[in-house]
Every structure is written in C-alpha cells, then in structure tokens.
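Read through the structure below, which is laid out as structure tokens, and then see the notes.
Chain nomenclature is as follows: A, B, C and D, assigned in order of appearance, with residue numbering initiated at 1 for each chain independently.
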Amino acid sequence: MSPRKICVVVTARPSYSRIKTALTAIKAHPGLELQLVIAGSALLDRYGNAVDFIEKDGFEIAAKVFMVLEGENPTTMAKTTGLGVMELTNVFYNLNPDAVVTIADRFETIATSIAAAYQNIPLIHIQGGEVTGSIDEKVRHANTKLADLHLVSTEEAKERVIKLGEEPEKVMNTGCPSIDLAKEVLESPQMHFDPFEKYGGVGMDFDWRKGYVVVMQHPVTTEYQLAKMHIIETLKAIDALNYPAFWFWPNVDAGSDGTSNGIRTFRELQKPENIHFFKNMEPVDFLVLLKNSKALIGNSSAGIRECSYLGVPVINIGNRQHRRTRAENVQDVNYSEKEIREATEQAISHKHYPSSSLYGNGEAGNKIAEILAKTELTYNKTIAY
Amino acid sequence: MSPRKICVVVTARPSYSRIKTALTAIKAHPGLELQLVIAGSALLDRYGNAVDFIEKDGFEIAAKVFMVLEGENPTTMAKTTGLGVMELTNVFYNLNPDAVVTIADRFETIATSIAAAYQNIPLIHIQGGEVTGSIDEKVRHANTKLADLHLVSTEEAKERVIKLGEEPEKVMNTGCPSIDLAKEVLESPQMHFDPFEKYGGVGMDFDWRKGYVVVMQHPVTTEYQLAKMHIIETLKAIDALNYPAFWFWPNVDAGSDGTSNGIRTFRELQKPENIHFFKNMEPVDFLVLLKNSKALIGNSSAGIRECSYLGVPVINIGNRQHRRTRAENVQDVNYSEKEIREATEQAISHKHYPSSSLYGNGEAGNKIAEILAKTELTYNKTIAY
Amino acid sequence: MSPRKICVVVTARPSYSRIKTALTAIKAHPGLELQLVIAGSALLDRYGNAVDFIEKDGFEIAAKVFMVLEGENPTTMAKTTGLGVMELTNVFYNLNPDAVVTIADRFETIATSIAAAYQNIPLIHIQGGEVTGSIDEKVRHANTKLADLHLVSTEEAKERVIKLGEEPEKVMNTGCPSIDLAKEVLESPQMHFDPFEKYGGVGMDFDWRKGYVVVMQHPVTTEYQLAKMHIIETLKAIDALNYPAFWFWPNVDAGSDGTSNGIRTFRELQKPENIHFFKNMEPVDFLVLLKNSKALIGNSSAGIRECSYLGVPVINIGNRQHRRTRAENVQDVNYSEKEIREATEQAISHKHYPSSSLYGNGEAGNKIAEILAKTELTYNKTIAY
Amino acid sequence: MSPRKICVVVTARPSYSRIKTALTAIKAHPGLELQLVIAGSALLDRYGNAVDFIEKDGFEIAAKVFMVLEGENPTTMAKTTGLGVMELTNVFYNLNPDAVVTIADRFETIATSIAAAYQNIPLIHIQGGEVTGSIDEKVRHANTKLADLHLVSTEEAKERVIKLGEEPEKVMNTGCPSIDLAKEVLESPQMHFDPFEKYGGVGMDFDWRKGYVVVMQHPVTTEYQLAKMHIIETLKAIDALNYPAFWFWPNVDAGSDGTSNGIRTFRELQKPENIHFFKNMEPVDFLVLLKNSKALIGNSSAGIRECSYLGVPVINIGNRQHRRTRAENVQDVNYSEKEIREATEQAISHKHYPSSSLYGNGEAGNKIAEILAKTELTYNKTIAY
C-alpha cells in the first residue's frame, strides 16, 4: 500500500512553530508522505520569511502560494482569504492528497478548510476547540464545522469540540506540537546563540546576559482601528521600565499597519534606549529566548501555550486571548501603560513558575503522525445532535 | 436617524424564493434600506436567470457579481467560493452596509459570510440549524459559527443553533419566508397560467389539467461522480410510470453536469413521451404548479419545506435531505427505479395532506424585517460554553 | 547542461491541434524538457474535454487549471482572463520554466503572456502577426508586444510583426504546426474511422460515405448579442440544403451561449433531418473528416489554415476571419441564409483545390523545437523604432 | 442627450498627478460625467495614500479596489494584475461607463485595459507611444494594442503609435496633463509651505531655504534583484555630497522591498545627516519642491516630463527611462556612486534650464476633455497594415 499523502498548509510564521514536530514525525513515518505547502505571510520577508528556516530544517516544499493583499485592514484580510481559497484549491487539485491539515485559527486558515472540504478531501483541524477574542474565534469554530477529524491540545478543547456536535471518536487530544519544542528547550535551556549576532534586527544593543524581557503584541482584528493606540501604551510602559527588551514585529493582520506605525513613530520620536527589534526567529531559538527572559509581555498565544510549559511569567494584554485556558504563569492586564508597567515590574522580580502540562506533555508530533497513519479518513459528516 | 442598510446576497435561483417575502418587508420598512446583491448562478441563463423575475417584482439591484466557474465539479465549486469571497468583499466595502444577510447553506453562501464577518459587518444567517447531507451540512454550520444573529425556520433548528454555542438571545425562530409564499398560494391555489405558454421549455406537451407530477433532483456534491447514475434511476421510473411530468433542471453544483448529461442522453435515446422540461419558474408560479400536482419527486428542499405547508406528497430520493425535519407528506426512497416508481404510484392515488406549520405560519418576512430594524447589531462574539 | 524547460500552455481545444506537432518535437528533443499546462475550456467536458486526447497521445500534464467563468459574455471572458493570470502565475512560479509558450490569440492567451512576462520569463508567441476581427485582433497584437520571440506562420505575418516594432532577428516564420498534421492527413486521407461509432454525438444518422459537409461556427465576441441570430441563418441554410452535415459545437466565448441556444432551439422546433452534432474530435480525425468533406461552412480558422493545405472548399461567414491571409479555397459570405446556401451548393459541386503552402509546408513542429533549443532566450526588450 | 460617462482608473500615487487636470476638466465639462475609480497602491498608506489628496481636491470616488499583493516581486506583480482584471471587470460592469481611461504604463494598467476591452467598452490610453526600459515598456505598447483611442504627450509618441498600426485619426497629441500642473507652478513658483511641517516624514531636519536636492529612485522590475545594490550607490553618493536632500520612498513594484530595505539598512548603519524622507506629497506641492530644488536625482519619469518644463536639472540613473524623449535638463549616469555624486555636484552649481514644451504646453486637461466629449467612441478595430 502506498503511503498516505498528507498535505499540511503553513500560512504564517507562528504556525510553523505550532506544527514543526508534527511535520518531522509525518516525514519520518513510513506510512505517510508529507506534502508541505507554504503560503501567505510565511513567504514574506516583511514578516520574517519562514521559508529559510523550513528548508534549513530539511523539509521539501511542494508548493508556495503568494496570497496576502496589502493594506492590513479587514477588507484585505477577506480578499486574502478568497485568493487563498482559489489558489489552494488549485494546489490540492494538482497534488491530490489523501488528507489536508489546517492549523489553528488565523483568518486565512479557513481558505485551507474550504479548498479541502469542497473537494471532498478529508480535512484535519489542529488546535480547535479553544476560546479567544478577535476574528480568530469565529474562524476556529467554523474550521471545526468544516473539518472531519479534530486533533486538539487540551481536554477542555476536546469537550468543547464534542459539544459543537462532532462525533466523540473524531476528536482526540494530542496536546500541542509547540509543547514538544518547549520540552526540548526545557531539557536544554542554555542560550546557545547571541541574538544580536544571529538575527541582526534594529534598535539598541544591550547585555542580554544581565536580564531582559520579550515583547510580542499583535493587533486585534475586531478592534483594528485602535491598534496604534494599543501598542503605544505598551511602548510607553516598556520605555518607562528602562529594562532591556527584545521586541518582535506583529503578524500580518488587520491593524498590523497601525501597530507597526505606532512602533516606528515611537522609535523616531522617543528613541527608546532599551529596546531591540526583531522580525522573526527560528522556533527553538525563540523558545530559548523566552525561557531565559524575565517575562513575556503582549498578547501572543505563545504566552498562554509554550510559556505555560516553560514556566515563564506572562503579562497578557487586552482581549486577544480572552478566555483561552491558561496556567498560573499568566497575568491579565488592560491596554494601560500603568498596568503593563507594574505587572512587568512584579514579573521581573518573580521567579519562573513550575512547568504545566495544560497544553500537552511533549508527545504531540508523534501522536499526530500515528493518528494520521491509522485513523479512517472520511469527508462526509452530519452533526451529532 | 438614517435607516439601517441591509445587504441581502442572493447567489442562486432557489434562494430568491426562500427570501422573497423578507425582501419585500425590508423594502417596505421605514427603518430599513435594502441593498440587494445578485450573484452566482442567479445571474446565469443556463440555470434560469433569476434577475428578470427579481426586477419584475420591483426590486432594484445594487450590484451583480458573476462568480461561477465552469466545470460543475468539487474543484470549481471551491474556486467559485474563493472568487465570491474576493468580489463580495469589494461589493460590501463599497456599499458599506450596516448588516449582511446570508441565506441557508448552498456552498457559495460561505463567501458572503466571510466577506461580511472579516470586515466586521454584523452577519445575519437565515435558515441555520437544520440538518442534511452533502457539503451543505458543513457549510450551514460553518455559516452559523461566522454569523452574529440567527433567524431560523423551526424550533428544532433554534435548539440546535443554541447547542452550537450561540447565545440564546441571538437565535430567533421566524419561520421560513418560503412558507409566506406557500400561504398565499394555499389561499388562492388555482393554476392562473399555462406552463407551456408562459415558460416554453422543451419536451412533450400534454394536458396538465388531467394531472401531473413534478420532478426536481439535484446532484449530491459528496457523491458527485454518481450524479448521472442517480438521475437515470429517476428518469427510468418516470418514463415507466408514463404519467405526465414537469421536470426542472438541476442547480449548478458539483455533479450537475452529470445530472444534465444523464437527462440529455436519456432524452436522446429513450425519447420519453410524458416529460416536459423547464429551467426555472417565478417563485409563486412554481408553488402553484406544486400545489396542483399529484406529487413532487426528487430531493429538493422545497419538498420538505413548502410542500409540508402545501400538503403535497413528496417522494424524497437519497441522502440530500438526510435528517432534515419533515412532516407526514414526505416519503423517503433510495436511488432505485423500483422504489421511486412504486412510491410515486401510491402518491398519485393519495390525496394531499393537511397543511403543516412545521416551517412557519406565513409571517416570516415581516418578522425578519422587524428584527432587522430593532435588534442590536454586533460583530464580535465568543462561544457560549 | 540540463535541458531547457519549455512550458506550453494549452487553454482551449483548438489550440491543441495548433501546437501538437511542436509538443511532440519538444518532447523528443534532447535539449528540451516539456512542461505541459492544460487550462481553461480544454478541461471542460462541455466543450469537448481535450485532456483525454492529450494523455492518449502520450503527453504528461504538469498542471491543470480550471479558470473559465460561466456566462459566456464579455464580463465573464474578462474575469476568466484575470483568474488565468493569477493561477498561471502560481503555476509558472512553482514550475520555474526557462521559457513559456503562448499560442495564437484566444482571449485568455494574454493571461499566459502576462504571467510569464511579468515574472521575467522569456515569452514565445506562436502565430502572431495575423489579422482578423473580434477581440482576438486586439489580443494577438498585445501578445506580440508582451512576447520576446515570435514564431509566425506566414511571411506576411512575419513582416507585420516586424512592423510592430519587434527586432527582425526575433521573428521567425516556422509555418503553422497545424499544417504538419494536415500534411500527414494529405498523405493518408482515407476515413479510417466511423464518426458515429467513435464519437457518438446527437442528431440524425446518415451514410457519410455518400458525401457530407462540415459546419463550425463560433460567436464573434464583439458582436456577441447577435450570436443567436447569426447561427440561425446558418442553420436555416444547412436545413434547406438537405445535404448531410456534421456540426461542431462552438468554443467557449462571449456569445457561445447564444450560439448553443440557437442550435438547441432550432433542433427542438425544426428537427432538422440532415444534421449530426459533435462536441470535439481528435485533431487528426477532424482533419481527415474535413479532407473527405465537400466543404467546411462557418468561421473557424481551420477553414483558412488547415483547409488551405488540404484544398477543401470553405464558405467563410461574417467578420471573424476578417482580413486573415487566405488561399483560393475560401469564399466569403455574409450572415445570410441565401448567401450561405448558394455558396455551399456551388462548393459541393466543385472539386477540391490544389494544396497551398501559405501557412507552412509541414515542418513547423521540428523547426519550433530546434529554435527553442538553440536561440538565445531573453525577457527584456525595447521597441525597434 | 445624457452626458458621456467616462471612467478613469487611478492605480498609483504618481498616476494621479499625471491625470489630475484632465479629471478637473472632465468633471467640469457639461457633456461628460466623471466616474473615478481608485485602486492599487493609490489606496495604501504605506505608499502614501492618495485618497486624501483626491477627496480634498473635490473629486468623488465611484469605487475603491484593494488589489495589491504583498511581496513586491515579479510573482506578486503578476497576481496583482490578475486580481485587478477580475475586480475592475466587476466595477465596470456595474458602473456601465461609455468609455474607460487607462493611464500610461505601470504594470497594473493592463488590468484596466483588459477589463474594458474585453467588455466592449471603448478604451482610451493616455501617454502611449513613449519608450523606456523595465516591464513598463512591454505594458505600454500592449496597452496601445488594446486601446481604441490614443491621447499621447509628444509628437514622437504620436508617430510611434501610428507606426504600431493604429489609425492616424485615432491618435492625438494633447500633451501631458502633468505639464498643466507644471505650468501653474512655473507661474507661481514660491515655496508656499514648509515641507517638514506639512508632511512630517523621518530623518534629519535642515534649512531647506539654503538649497537642497530631491531624490526619487524606483526599482527596475526587470532587474529587481539588484534593487538594493542600485539604491545603495545613490545613498552613498548623496551621503558623500553632504548636501541637504529630500528623499521619496519608491513605488510598489517588484524590487521596492529591496529599495526600501536598502534605505532602511543604510539609515540604521550610516545615520546620514543630510537626508529627510517622505512618502508622498500633493501633486502641486511636489512640483513646487522640485522647482525650488537644485536638482532631481533618481529615475522618476517626473525628471523627464515635469522637470523638462520646469527646467530643473536631472541626474537620471540607469535604464528605467532608457530612450524616453528628453530635453537638455537631463544628464544620464550609471548606477555608480562616483558618477551620481559628480553629476549632482555639477548640477547644484548649474542654473536651471529654460522651460521646454517637449511634453506639452499646459493645455492637456482641457484638450482631453474636449476630445472625450466630441470624438466617436468605438471598440472594434483592425491593425492598419
């Protein structure tokens, strides 16, 4: 029997970290053949082209798809998704996979879901069943309703997907593949690279060995006009702290222009002396950087997921991670310079937390590959109630 | 206060009947302004261009969007949807409505949903919460997860949408607008037109005053390669019955080429003497034709919805309406000449059934307009559990 | 040195005949690697799916692209082209060819040209420099201005391309590959197959051994609203002749719905007793059918090209081939039942004409492959004057 | 008789300056109705959103179309064009203009041409017949072959369009509307605004009253991988000059990411002390800034056109304006720090040149409106030879 062709679509830089160990496991599995499609902002230098990392990690790319419209507003997000449906449909038609994997809840992931589901290709959704704010919340659950098999990250997510009317035998908690990487890092947490040397970036240099924080804050699509205002609170807080900070540019989303603009203007006018900016890092390097930091500030889901396992204190700002299950390492604050600054000060003086296995125990990649090789693949379903 | 701009998108011939009385009520409501968008197969002569009927009914069309790819296979269905997302996004951006209405569950309706939801425009879904087979089943529930307000047709549908995690106060049973038309027809059921004269069509002429059946069978997208085989069973059954039949061409869906091809081949080879073919009819004329028929054969949802109110016997073939709530007028059969023929024979000799209000009592259009004018419109939601 | 990768895009059924011997020669050439892309109506059953013939002829297809929008009107022609640009761009990006070949002048061929030229891929245009009516006239010369190398079919075309400002050394008269096939057929002109048996089709059967004509009439895009009126003149003429006729369905173009509709209505009402309808034939079979016919009626360019070599009398109707260089076998008539009928009567009683090498001497395929292997490939040019 | 609806499509910031006086004249003409469509990078903040200027100038926008794909490489240029074809087709279909105007030769202008020509809408091309390098060269002449009426800027361009096979009576030299603005500026050349105050920007402040140069250098699409290397030569030259410079960011084209990246890196590393950066200026302000400068350095066509009328010395770098007709104010140099620096030094010490009317005498806008109101509009043509 020829191996099952599993087509995985990575549409953004952070999704690669979320799926990397599963890709490795699929590639290594004798019953599976990996068809890796890289699309969307994962191809764009402006957001930290992920292709170099991916190829360096030894993956062959079956197809690349440019599909991001400029504008970073709700209109271009929607058009990007439409373009993605058209192009991914063509890619799947020509690759002819046995199953397609769509990851999590970024707005353009529904393009993968439609392109597969409409072509009667079994659709596997990773990381469904969670709860957040932003358009992601709608997209994630719509992906669930289009998907045939659900590989979720937590027990709570599993229950929620079942409540959404999916057959219980089609919902499996594998844990999140990002925790697999976090496990590697926890086992060998030393900073094995110099961030300035390896990644360049812009802004101030400082001695990161003496302690630093990491900042990563994305715009919230449903509040996209406020993106600039939101980021400026954080910039003021970090500037006022006067503590070394590594800052990552935002994802491409409605509002990211506002976020970037806020950062650029602030840099130009305030010339903050303690901040260095990066576009992107290789997944493991990023986790090592987090593990060695005093805290992560922003609204990245890495704060909720990977940091729970790494035990890194997280200052979680605003509504983006609204209601997502979290461990004790997370403290929620509003878009407020004062709240952000005070919470960060506390976190800097606080020790790291014990590791939590809320999002998995580091075996997700292998479990996913095993399931993809063994489970019955179907594309026709009816709601359970 | 200026009236709320309500943009309704009609993407297919049958959706117009499903929404017509709501359009009338929206247009007449002082607190509402109708922006009617006609797209997809509703613009195509091949499937019975609905535009003529719509304009004759006095509606002004704000924008027309050609978006159907040729091929009638799963690949072109997906691409049509992608194209729809892109084009409808542009249309909404330029029309700037206060809310968008997406209707039911045809594959391309998710394009309307994405174009609105991603642009932070409140999305209203009509006819959610039902259950069927085909890709419609996935699309309907995905529409629910993208929508902010749910105007459903039955109590069972209401319960199901709430189970799907929607807030109960955002789910309202208005009944189905198609029943409003059925009510008009039931009040004045006489054939007020000659089908041959008014609609032409091809095939045999017969004296419809002496009794006839109606056939309407669409391909099932998830079984689209079987479409030709499926339709041929029905053709053989109707041919064998040798009872006058009005036959309607299928919708544009994956497999409709198979269905049409089956019909053409059968016509060419068997030259059936009792069948006349139509592409389309005005909504009310179609219901009058049904009301005066002995039975409806096929898998149209009109059999489940309008015919329940009209009391017309229905021979429902195959999986397309799988599990949709039905009244006593519906008899289910397999894709089998014998089953279809025997069930139709019985139906012809059976009287009509009493009217059922399972899908509404004929007030849906007004209720929908009232709600659209009064209810709070939101575009940000979180799952209820 | 690795062979040059030559990507040829076939977007319609007739283009395959026009390029077939070049494909064979490219495939066989040690210095070339063929990347064959099949797109547009060449994939659609409705217009006679060319894929089966192509695969039967031993060609491997590198990518297939559905891109035809339904509607057969000017709006959908334009959208089809836009979709083609987007999808072919993606295909070329992933195939990474050394040169792209675009064929002739159908409206969607400019999509191939843009996708290649904008990506700095050397673009080779086949069959430029001719003159006709319809949108093809604009498209052909625009293709010339986007292309870097011009392989034309006649001396007159060569001169015209040079007049258009192309460097003379970039313009070569190879003759038309369709003549290569015509040469094969002229060498072995016997009907080696029974058309009814091999191709089915619909309509009357007759004894083709006793003589027949062939009809092939496409809509003219710039007069597309008149398509139905135009085809009906031809139908009436052929019906009145009462001489056996093989009739081919039109290409997908603005107006083809009108043409098809005219044919269907005429069949339904007039039940012509001497006409049999086909969708498509394999290229060589079609030429054999032509060679054994009394005449070709319509506006197909096959009348001007292949029939000049075959010596078959042609009744050329209307403006579609306006000013295209022609041999003595062509007689021009207006859209007029009377003119068509009288000219056809004359042609039936006339003998075939001597073979003309106006469009080549049957060596085009090999010449094209030779040039593609040897010539310098460039993508940057400036007008010569 | 109702006024002719003239749809003008502006797809980029610089095109607005090129057409502004014609828009004013069309709007004012009793026989014409302006339908203004703003699309592409003209909508994007990143490239200096032109919409604010346009609305401030009193124009109503009939439709806006986001269509630019991110990536600034040849692949995304092609896809942007494809998307433009699809969306503009829809816009024209719904606006139903009597004629469409496409401007000059940017890559995406062919989208306007196809959307109009394929829909049988008379197409008017402004600024055809010129010669340059880059993909613009191919696009400009392809636009000519798709257009029905040609309103060119120079006598040489007129002759060239006629040589391209267009009927002489369809080619008219109106001069370039950009010269109309230049004429206004020449009549009132005082700096009426403070650039720092009105436009912000980033970089050093200086006393512009003491003399400055202007830099505007775009990537060349056919050499797009070299964009960064090219811009760095210019940056080094200007840095070495140590003379105040206003620098404008590049257009969105293949390579603009390289250009921007070069600028950002240079700023970060070299911290040039004499350069201030702007995204955009209102058309008239930009010309006033040029008129008061010592020289324009780069490869903008403003150097060739507007500066010839203004008499401003121009250092024209590289191949982008290759062979475009030029007055004595232009000096050509290679991508070489030394050549650029030396030529700029000379220009700074040189007086301005006498005004040249090579590109018109300042009456283009009115002439264009007059022609659009009076000339016969056609959409069907055949090459003249």
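As a convention for this text, a contact is a pair of C-beta atoms (placed from the backbone, for glycine too) under 8 Å apart; a residue touches a chain by one contact, two chains touch by 3 or more.
Just so it is clear, the model here is predicted, and its values are computed rather than measured.
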Chain pair, A-C or C-D, that carries the greater number of C-beta contacts: C-D
Same vs different contact residues, chain B with chain C, by half of numbers used: same
Distance between the centres, which are taken as Cα means, of chain D and chain C, whole angstrom: 39
Between chain A and chain C, centroid-to-centroid distance (C-alpha), Å: 50
Shared interface positions of chain D, touching two or more other chains: 66, 75, 79, 83, 86-87, 90, 93
In the complex with chain A, residue positions of chain B that touch it: 74-75, 77-79, 81-87, 89-90, 93, 107, 110-111, 114-115, 117-120, 131-133, 135, 137-139, 141-142, 144-146, 160, 163-165, 221-222, 224, 322-323, 379-383, 385
Residue ranges of chain B touching chain C (in the complex, touch as defined): 41, 43-46, 66-71, 73, 75-76, 79, 83, 202, 252, 257, 261, 264, 268
Footprint of chain C on chain A - complex, ascending: 63-66, 83, 86-87, 90-91, 93-94
